[in-house]
Structure formats: C-alpha cells, structure tokens
Amino acid sequence: MTTVTTDDKAVFERRESAARSYCRSFPVVFEKASGATLKGADGKEYIDFLAGCSSLNYGHNDPDMKTALVDYITNDGVTHGLDMHTSAKAAFLEAFERIVLKPRNMDYRMMFMGPTGANAVEAALKLARKVTGRTNVISFTNGFHGVTLGALAATGNGYHRGGAGVPLTGVTRMPFEGSMGKDVDTADFLNRMLSEPSSGIEPPAAIILETVQGEGGLNAASRNWVRRVAEIARAHGAMFIVDDIQAGCGRTGSFFSFEEMGVEPDMITMAKSLSGFGLPLATLLIKPEHDIFGPAEHNGTFRGNNHAFVTARVALEKYWADSDFQTEIRKRADLMTKRLGEIASMLPDARLKGRGMMQGIDVGSGELASEICARCFAAGLIIETSGAHDEVVKILCPINIEIGTFTRGLDILEEAVGEIARSTKIAAE
Amino acid sequence: MTTVTTDDKAVFERRESAARSYCRSFPVVFEKASGATLKGADGKEYIDFLAGCSSLNYGHNDPDMKTALVDYITNDGVTHGLDMHTSAKAAFLEAFERIVLKPRNMDYRMMFMGPTGANAVEAALKLARKVTGRTNVISFTNGFHGVTLGALAATGNGYHRGGAGVPLTGVTRMPFEGSMGKDVDTADFLNRMLSEPSSGIEPPAAIILETVQGEGGLNAASRNWVRRVAEIARAHGAMFIVDDIQAGCGRTGSFFSFEEMGVEPDMITMAKSLSGFGLPLATLLIKPEHDIFGPAEHNGTFRGNNHAFVTARVALEKYWADSDFQTEIRKRADLMTKRLGEIASMLPDARLKGRGMMQGIDVGSGELASEICARCFAAGLIIETSGAHDEVVKILCPINIEIGTFTRGLDILEEAVGEIARSTKIAAE
Amino acid sequence: MTTVTTDDKAVFERRESAARSYCRSFPVVFEKASGATLKGADGKEYIDFLAGCSSLNYGHNDPDMKTALVDYITNDGVTHGLDMHTSAKAAFLEAFERIVLKPRNMDYRMMFMGPTGANAVEAALKLARKVTGRTNVISFTNGFHGVTLGALAATGNGYHRGGAGVPLTGVTRMPFEGSMGKDVDTADFLNRMLSEPSSGIEPPAAIILETVQGEGGLNAASRNWVRRVAEIARAHGAMFIVDDIQAGCGRTGSFFSFEEMGVEPDMITMAKSLSGFGLPLATLLIKPEHDIFGPAEHNGTFRGNNHAFVTARVALEKYWADSDFQTEIRKRADLMTKRLGEIASMLPDARLKGRGMMQGIDVGSGELASEICARCFAAGLIIETSGAHDEVVKILCPINIEIGTFTRGLDILEEAVGEIARSTKIAAE
Amino acid sequence: MTTVTTDDKAVFERRESAARSYCRSFPVVFEKASGATLKGADGKEYIDFLAGCSSLNYGHNDPDMKTALVDYITNDGVTHGLDMHTSAKAAFLEAFERIVLKPRNMDYRMMFMGPTGANAVEAALKLARKVTGRTNVISFTNGFHGVTLGALAATGNGYHRGGAGVPLTGVTRMPFEGSMGKDVDTADFLNRMLSEPSSGIEPPAAIILETVQGEGGLNAASRNWVRRVAEIARAHGAMFIVDDIQAGCGRTGSFFSFEEMGVEPDMITMAKSLSGFGLPLATLLIKPEHDIFGPAEHNGTFRGNNHAFVTARVALEKYWADSDFQTEIRKRADLMTKRLGEIASMLPDARLKGRGMMQGIDVGSGELASEICARCFAAGLIIETSGAHDEVVKILCPINIEIGTFTRGLDILEEAVGEIARSTKIAAE
C-alpha cells in the first residue's frame, strides 16, 4: 500500500460526475494546505480567498486542531458512534455551552443530524412544521438553504431549483430587504401579506433567513429589518429561523451573525465552519420548548462526527474564549472594506456588498466578475463569484488570515481589476 | 487547552436534542474503540454487533486506515476542498476504478454530494427525474432511504414519515417481495400496475430498492425478484436504482449487494461503510449516459471528504484487491447462519431473516426483541432491532470481526435468548 | 329574433374547442329527443344506448317532468337563487326524504355544490379531509371521479391524468376487485397496506369507490368486496365514500347501487340522472355527524339548480314511490343479460361485464369495440365503449326504455357483431 | 303528482347541509321571481341587488328567454346531449361569433366543460400548463376563482382555502393593484419577481386575474395595470387569462370587462350570466393556437347545457346586437356612482369601490356592512357584502334594472345607512 500522489486530472474526467464544479474554475490537483494557502501537486501555491465557501474560517489545518485530532485518532478515540454518547461529543457540548451559550445568555439544545447544512435546514423546517402544525414556510428571494428537496424549496436560485425535477412546494417566497428597489419596504410587505386574510398566503410554520445572503450576492440585511422580520414571525405564530451556516462562526465579526441585532431565533442552523477544520459537521440549535422531535424521528448515519467534535471544541477554546479574536476579525474586516472600496472605485458602477469578513464587489455583470476571478487565479489567488447573475466578486478568506497573506491577495485582486479597468478604458477611447 | 475526557452524561440531557436515540438504549459515554470493541469512559468494554448500522464494516479504527489518515493530516493534506481536485480524491477514484469497477466490468461516474446516504438518494431521485422528465418514483414497502424530504418520500416507515410535517409526494409505494403474503407475486403486481393505462400510477422516473432492507427488517429479496424488477424498470423507461447504502461494501458477502443477481443498475447509492473508517462519505454511481447534472446543479459544502477518501482508498486496497476477504466474509456469514438458527430454535415462531453479514431473528414482537437486546447490553454486547415493529434482532457486526470476539458476542446473544426462553417456559407451565 | 335550426356542422369546427369528443363519433346535429330516441336536424332517428352516459335514466324529455318544468317556468318560478331557500328546493328535499331516505332508513344531509359530479367529488374529498384531519385518500385502479384537480387525482385514467399539467397528489391507488388477477385478494391487499406501519401509505381520510366502474370498463364489485372495503375504512378511521354518480338513480336496479350490500357510506356522491331530465344537478349526501363545512366554505354560483329540483322531484314521485319501477328495471336488465350473452358468444373470448342496466361486452380490443359502435351508429344506434383500452361495448340506455325500442337496439348491436364475426371468420378461413 | 309549494323552512334544517349560506342572511323561502324582484312564499316582495352574484345580469325570468326556453322544451328540443352537436348549441355558437366575436375582432374557440365557473378555471389552468409545459400559475391577492382544488389554489380567500384539507400548490400569489399601499407598484413588483433568476418564483404557465375583483371587495384594476400585467405575461411566456366570470356579460358596461383596456387574453373564463337566465353554463374562450386539449381530455357530463344555450342565444340577440344596451348600462352605472357617493358621504371614512354595475361602499368593517345589509333586508332589499373582511356593501343588481326599482332599492340602502349614521352620531355625542 502506498499513498498515491498524483496530479493526473484524467481520472476526474473519466470517473467524477459532471456535477463537479469548482474544479472547473481552478483546474489544479491540490495536495496540501495550511492557513490561507493551498498547494498544488505541482508545488504551486495559491492564496485562498474562498476558504471552502466559509467552511475554513480558521484556515486550513490549524495546528492546534490538527494536534488534537491526531492525538484523538492515535489513541483510538471513537470515530463513528451513530448518536451514542462519546467523550468527544460531551467535551464539545460542554465547550459550546460554556464558551458560546452562557456568555450570550442563550438557552438552546443542539441537534446533530447528517453533517451537512442542508440537513440542518431540513430538520429545522420539519421541526417548525411539527411545532406549529402548519405547512407553509416563508423564505426570501436570493436565499440559499441547500439542494435536498425540503431545503431546495426554500432556496431561491432558479438553476438549483431547476434540478429538482418536481414542483417545489410548501414555501412562499418574500422579497429580501432591498430586493424590490428603494420604494418597497419589504418587511411591511411581508407583514401585509401575512395579515391580509385573503392574500392567499397560508399562516407560516416558519420564517427562515440568512442575515447576510452569501450565495445570493452578499446581501446584508440591516439590524432593523431582521428585528422586524423576527417580530412579524412572532406576531404570526411562526418559528423564526436564522440560517447561520455561511455567516456564522465569526464570519461577520461575532460568533453568530445576528448577535448585535437583538433577536432570539427559535432555531439556528450551523454547519460549514462549525468543526473549525473543514470536517463535515452540522447542528440545529433549538429553543428547549421547541425540542419536540421524538427519538430518531429525524435520524441519519453520520449524526455527530466525532473527529469534527474534537476540532470544533479546540476551535471554540482557541478562538472564542475571550474577545481578542473578534477584535482581530474586525481589524481584517476594516482592511477589507478599505481595500475593496479602493478597488471598486476603479470600475464604473461597482459597489461594495456584504459585511464583516464576507464582503465583495458587485461589478455589474457575471462576465466581468468571472474574468476578474480568472485573472486572479492565474496570479495565484483563489476567489469566486456569487449573486443571481454571478455578478459579485466575493471574499471569503479565512477570518484569521495572516495580514501579509491577506494583503498579497488583495493586491492580486486590485491588479486584476486594474488591468481590466485599464483595458476597458483603452477600448473605450 | 486540554483534551477533556468525561463520563458525565448530564451535558447530553442539558444540551443534546431529544431527537437523540441510540444513546437511550446504550446509556454509556464511549471513549475508545478498536475492531469490534467499544470501550466506555468507565473502562468497560462492549462487543459491537451494531457497527454504526453497517458503517463500520471493517471495525473501529482499522490500523492501516488510521496510519494513512494520521500521515495525511500530519502532512497537511487538504482537509476541505469543496469539489476541487485533490490528490486524495484522485487516488480514491483510481483505486475505485481499478479495484471495484474494472474487475466487475462496470462503467460508472461517481458523484460526491453532501456526505450522507440521504443526500445520495436525493441526488439519485433528482437526476432520475431530470433524465426521464417524469416525476413519479416507485419505492417499496419497508424501504428506508433517509429522512430529508425527497428521500423521506421514498421511505416507508410511518414514524419517520410522520416527522415530515407536510404531505410527502412524488413517490408511489409498491409491495416488496413477500410483503403481501405468499399468494401475491409482487413483481407481477408492480408490472400490472405500471402496464395498466387506467391504474392511476404515473410512468415512473425510477424504481429504487434495497436488495436487503436493513431498517425494514432484514428482508432479503431474491435474485429472481430483483432481476424482474430491473426488467420492469427498463420496460417502462424508468431508472433502476439500487440503494446499497446499508447492504453494500461487503455486507452481503460481495462488494455490491447485487453482484450475483445479473442486474446493471442505472444508479447506485453508497455511503455508510464507503469510507471504511466511519467517516462521513457518500457517493452516487451513475451510468455515464445518465450523468447529466450541470456543474453544481446538485451541490453542497462537504462534497467529497478528503479524510474519508484517504481511508476509503486504504479500505479498497486492503480488503478488495483480491477475493480473500470475500471468503472470510462467507465463513463468518455461515457461522452467523448456523448460530442464529440454533438461537432461533429456542423461541417458538422465531425465524431467520437476511443474508450474508446482515442476518437476524424475527422474534415476533418488538417487546421481546427489545428485552433480548437489553439483556445483551447488560452482558456487554451492543445489538439492536429493526423491522416495522422492531421485531427483528439484527446482527450488523464488523464483517471482518475476529472469530473469537464474534463467538463471544453470539454466546451472549444465545444466553440472553436462552434466559428468556426458559423464563417464558416456566411462566407458561 | 328567430329560433335558428341548423344542421350546419361548420360552426362547430370554427368555434368549438378541440376538446369536444362524442360529436366525433356521432357527427350529426341533433335537434329533438324523446324517450330513448334522438332525432337529427335531417330528420333521421337514432336509438340512444348512451343516454348521456347514464344522465338520462328516464329517457329524454319525460312528459311529466316536462309539464312540471314548463309550468314552473311559465309561472316565473325562481330559476337561479344561489343557495337561498326556494319552494322548488323545499319540495325536492321533502320528496327525497320521504321517498328515498325514510323507506331505506337512511339519515343524510344533502349538500348542493356546483351541479357537476366532479364538484360533488371535490366536496366529498375536502370534507373527508376536514373531518379526519388527514390528507391521503384511497381510490381504485380504473376508478373515474372527474377531471377537476381534486377529483382527477382520484381518477385512474392515464389520458385524463395526463391533462393535469401538474403532479396529482393526495391520493393512493389500490387495486380494484379482480384487477390484479385471480390470485390477488385486493381487499386483503388494501388492508395489509393500511395496517403495516412501514408500508409508506398514510392513514387515509377516505376510501372512495364506484360499486360498478362505468368509465373503467363496467367492472362490478361484489357485495362481499364492497362490504370488506367499508369495514376496512371504518377500522382505519377513514370515511367510506360511494361515488354513485353513474351507477346510482336506478341504473343497477335499485335507487342506490349499494342498497343490497349492507353498507352505510359516510358520504354518497350523486349527479347525472339525479335531475331526471338531464339538467345539471349534483349532490353530496353526508351523514349528519360529518356535516361540518362552515357556511359557504365550499361554495359556488350554481349551487342548486331550481329547474333541476322541479324535474328531480317529479322523477322521484313518478318512479320511486313504490317498487314497480324496480321490477321493470330488473326485467330489462335480465333481457339485456340474455341478449348480450348471445351476442358475446358470437365473438371468441368476449365476455359480459357489469350489472343491472349497465352491462356490456368486453370484446378484447378497442379497435374491435370501436368498429362495432361505428356499425351500430350507421344502423341508427348510438352506443359507446368504455374501459382502459376502450375494449368494452357498453349499454347505458334509459332504464325505462320501451321494450320494443330496446329490442330494436339490441338487434342492431347483434347484427353489427354478427357481421364482424362473419367477416372475421371468412378472413380466417 | 302535485306541485308542492311550501314556505316550511324546517326541511332545510333537517336535510340541507350546513354548507348552505345565503339562506342564512335571507331566511325566506322564495317562490317566484321576475326582473329585479323576488317574491317569497308568503307573498312578500324583495328588490334584488344581489342578482345571483352577477348571474342574473338581465334579471329574473326575462320574458323573451322564457318564451324561447318554453318553446324549446315543449318541442322536445334536446335537453342533454353530452358534447354532441345540437341545433341549440349551433345557434348559440353562431350568435356568439356574429354578435360578440366578430364585431370585436376577436378570434377564439369555445370550450364547454362542466357548467360552473370553477370548472372553466380548472380547464384554463390545465390547458395553460399543457401549452407551456410549466406548472406555476400567478394569481393575485383577493382573487376569487372557485373552490375545486385547482381553482382554489388560485383563490386568495383564507376561509375557502382552509376548506381544502390539503396544502394548495402550483400557484404563486402576487399583490393586486393597490393592495400593498400606494408606494408599491405591484406590476413592477411582479415583473421583478419573474425577472430575477434567484427570486425562487418558477416561470409561470399563466397569469390569471379578474379586472374587477368581485368577491375580493370590488377592487377595480386600472387599464394601465392590466395592460402591464398582460405585457409581463407575454414577456415571460405565460398565458394571460382573464377570469371574466363575475365581471363579464356587461357587468362593467361592455360585454367583456377588459374591452377598453387594449389587451388580448390568451384565454377568458365565462360563466354566471352567460346563459342570461341563471341557468348553469360556463365556457372557456381559447385563442385557436392554444386549443390543444385532446378530445375529452378535459371532459364532464354536463358539458354544454342546451337549455342554457337557448337562453344565452336570446340574451345575445336581445341585448348585444347593437350598442343601445351599453348606453343603458352606463346610465344606470352613473346613477349608481352618484347615489353611492352620496350614501358613502354619510359615513366617516367610507369610500366607493368598483366600476360599472359592480360598485359598492367600503364602510370600514364587516360588522357595519353586515348591519347595513340586515336593515336593507328588513326593508325589502336583498344586498350583500364582499371583501376580505366583508367590509364592502356591494350592488350587483340586474344591469337592465328598471329605473324605478333601482331608485327604490337605492333609497332603502340610503335610509339604512342614514339610520346607522344618525344613531352612531348620537352615540358619539
């Protein structure tokens, strides 16, 4: 037995499904990774401004998590235990309670389902329907909640919805803040639609939203809007669910994306960076009074990934035991805002979007955004687009990214935009 | 930072959702595991006849997989890479092609979606609908395919279906072999229902089945029945999908559960033991002509778990490179049949079910099966029930279980059944 | 203003939708009708063995109903009154109570919805779901209950279902008696599917059936089978609904088709011959304890057709006040059985189907059945096919048809079949 | 046999379903009717400002229609002919073509389904889905299209939707003009939602609307808004369907409600006053290029009601052969506007709604509107409410109402409102 190291891409063509995607933008076989850097099998290094779409908030292969995980494996820690009690899970639960919940005065139960964000959303919607006895769910334009059938119904993206093969039911779409232009107060709209007995909108079991729509184009909801939606949910007897899969775990500056909004969601979905190490892990935080699933009523084989519990615990203890990390994030976020502002100013009509460490530039078209990303990649920077038209160049680098690396990445982006701006200008002249 | 080791169960009560289940039958905090043995935080050892519901076919913490994984981690191998190419994935694909596909003359593409079996089923059903332009799917009574909304529609279990909170649509249920009594030829029934233009059954996009229904009570379909269903699928223009999540990876004696049945499924779902090590990994095998998802049309964050690719490759190379392992499995399966036959004979009306290394005893009632399992656990054996009434005591131990351990486990089971048989007999006298 | 009398068919081509159908088999402009005879604008007469698909059980333009209706109109009786009380409705209700319900010891409320059978089915299914709080409905292969979306879901015919344009949900199909061959006891099958907790069949709100499937091919259920299905419905908490739209109003020999079966449906749908005169009228009979719709919860503009109430009352008083009429029907039904038996014997493999005054011959193929009907029409007899393959030549003549006319019609049929039998025989020689 | 005339209401209590409704507001047994007057069995007369909810636009028992109908019946005209050609249908089609279609330069086919408006809507939605291959339909808040399952999904009213017993699918609700306050341009909103690829709104098969929402509260859409919606439908490949069931047949002043709006619907649903006499009749007008249902693909027993064809033809010839009638309607509509304006001014915050001969007063609350109607009834006027909160007192009297009767009815309404205004004022002082 040997560890095969290969940069042969032919096997992917032969054997991997056409559904593969990111590898098309970044046609390299990656072999190693550390912090904010990925290394190809050919030895070339890339700065990672994608970070597993926010699954690697602490970067690749954090040394402390790595040590803890290797220790755990070496000592024959339980790897797979269905949803049996393990010491790794106990330690994670204790850390989450101590470091996350108690200081924030939050009281939640944690449900571990299959370790994907979509599965957490599926569980949340099922539970909301069970709690309320209602079937309708409100989700928002440009929201992205996953592609399994229950979650996909709540997802706005037409391309993904088109893959369903069946009509998607049980969800009513409402306009996200700002999506219908300045004149439409979308929270008021939502409230009217729910209040009007002949609107044809069934009383909802839940209202689910992302405070910052990652896939939808880095649309950041205001504190005021999120609060109003939470109040509308309460007033209409609906569960208020924050999908914090992409925006949570520090991405916006605080552990949860909504911490400074003064809302108390009935449920919170988490995944992506929860394990800290990029390992599959998802959870649904549930207010105790709504924790009414029967045993295994929503079950699965990989409920609770013990390796992920180990690294997730380390992530909490290392980064969230005090407020230092949040200060560090803020510093990087401010730098990001500043640099992106400068870069955006190079393009006519470009505008900044997002908040915290999930910011980007709406460059006005998917073609342009795509060209910028391609130039960045050629220069050693991995960066992607988002938005309904892929029109936003988004930065989702590790939130603990080393400042020098961060700056180098931003320089590459600036250079790429600059080249395009210059060539466009020349072309226009 | 310290590695917390705890046997404190209170944190689970406080913080883990009521949806937790197996921990209720086995109220121990497990800490270590090796081969077919789990060790509690209190030092007590348990023989594992559950094996993560067939997710640990090669036992806990296989030393070769462990070494390869620790090496990979230590060397900063890529942990999370979305669906980008990695050397770990390439090596796995090559091994799967070389060891699994080519020797069996099989030509499939592999799709990696979120690493759960349910997600593989969701992808399969979506793809079948896309390929055929139809919406209806045929699944079978007692089938279990997962609990996310698309998969749950195909699952028969009423308890799980009840958790949906919405009517489950898009699936027509047909009787599994033997489920309607001896007089009903269920393949003929299926064919009539699909052939009759006024039956009210829409032409199906897919027929999905497990060759052995694990959760449904170890109902093993005959070669003839599976072939006929495959032919019916073909005749009616439907994708024939084998859900090999629980019965695959050697559980029935061969790598795929249907190898000796002479069928060529259009799609095959795999998960559970695919990684070999209990790590989350799932795949959908797709005949190349049906591989028509667009890039990321069915996507997800944890598509392709590199740690799992590393151990999965070792599992293939170690166990499946030649036929020795299959001989070993058969030996154990024969022993299981023999011992279970003897044990079943101690109970009136008990009967053997299943095949290969997924066999069990239908003891006639859930209460009795539950009591047997409880007595086994008290004696150090982890074993569970299945079936619509939880009436089957099932054995899903590692398929490479060391014979001594296997025998000790079977002895415990025999002793438990014997006690109950004697006490029942005494009570009856 | 003049009464236009025309035999110009061009206007139908120009202005009537392609959805028109019977006019294609009988391309004549009809102008007058009386008893069992239709007269074309060209003066040609046709014997009517179709009778509005059982909507004209008492023939065309019954003189007593005609007189009452003309009187009513002449005296400015209320034509349209929404669902306000009218004297015509009161008189009909009183007659129905006195002549139909009381002598049969039946206690039902009557709901008048839009005057179509499909609408009665829609109301029945909605009400059953409301009463039980369940969504699933059991209907049977080859059942026909209408083509509006709720009713269409319960209809088996693939051609009609194909017109839905959306997946039809909320209904589970079970095999009708005899439909799966002699070995399958379909009542037992139904019971098993409902009793098995992992069958994947939701507990039903209702089981709906026709005792004789008219459109489905004159499949007559046995007394025993209907009773068992009624018991299964009761045992599983489902409403038992008899759709008596085509088989009711005397068609099978008694007013209701199930009178001698010893069942008490929770609901009964009626339409077609209810008005007696061919006027649109439908009703849903509801056991008082299930009469829980709120006012106008199921509403409509043409609830209660006063003209139809007038003729419907006359029909009851004229035909059902004593048992003479039933004797007359039986006499005709016996004659029909005898003659059809003789006719069927002329064709190899032909077999009789149906009961009472809804009998026919399954001639084995739609082509043959269609040719027989075409020859009959050429000879002055209007007769149609039914069944999943249109393979049944069915007789639905007025149940009070004058014996001479009846015999002439049967003679035409015999002659048509005879010619074909002879030509086939000659061809075969 | 005797014609029973009764004013005994007990039989309704005993035998008519609790779903009955209008009879609760007007607890009288009506016996005769003529023009705009209904007469109770007790001899008392009532002015009819409800007119069968716009089903009696030409009043009760129009003498010319009556004569033609009695002639038809007396001469044994075909009453029921399924969808076979009859001379009555031919004459109607010719008249409709000559009087309605040709002068308006309209080219449509007419489909006759079950004679209810809901059935016309069901057919329209099915056909739109078949034509486009899409499933989603756009309907509007406060829209009312019927209560069978397909039509009910398009209906906004929560009370009626609650009766479905199943989730209603396949329809997306959009805000009607003005429903979301002055700041929201609802046509622009609709366009954005359909244009945005991540809005989560599937491309629609159809957009269906009423130009004046009758049940929804007499909400009259502007010419400009209807045109824009029609353009949006075209731009997005959706059928544009006008549901003219309540607003058509002259109710708004022209035969179709949209005649002066410059739109060409792909389909138009008609029912209510189509027969002219209150007899059940419905039709779907279909642009020839969309007339693609197969024969009987959408069928029914009472397709085409010959009695109704007779009266419907007379209605066209009598009222629509020239423009005189439209002048008469306009005169009455102007009078209605004037008088209602005066009446509304007696109540604080009351406002006029609707247009043509479907106008009313929004009095601000259902209680108040209900009290007004009750007082009117006590004074001999039948009048009803509409709107989501039943807050609109609506006038739907015959559009050919004799001016004296009209004035007397308006006087009663004015007196009723005046009394309430005075008593409220006194109470307030």
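All chains are identified by letter, namely A, B, C and D, in their written order; residue positions are counted from 1 within each chain.
Going forward, a residue touches a chain if its C-beta (ideal position, glycine included) is under 8 Å from a C-beta of that chain, and two chains touch if they have at least 3 such contacts.
Computed from a predicted structure; not experimentally measured.
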{"item": "Where chain A and chain D overlap in contact partners, by chain label", "value": "B, C"}
{"item": "Between the pairs B-D and C-D, the one where more C-beta pairs touch", "value": "C-D"}
{"item": "Centroid spacing, where centroids are CA-atom means, of chain B and chain D in whole angstrom", "value": "58"}
{"item": "Mean-CA-position distance for chain D and chain C (Å)", "value": "30"}
{"item": "Chain C, residues touching no fewer than two other chains", "value": "135, 159, 166-167, 169-170"}
{"item": "Residues of chain B touching chain D in the complex", "value": "166-167"}
{"item": "Residue ranges of chain C touching chain B (in the complex, touch as defined)", "value": "135-136, 139, 141-143, 155-159, 161, 167-173, 175, 179-181, 183-185, 188-189, 192-193, 196-202, 216-217, 387-389"}
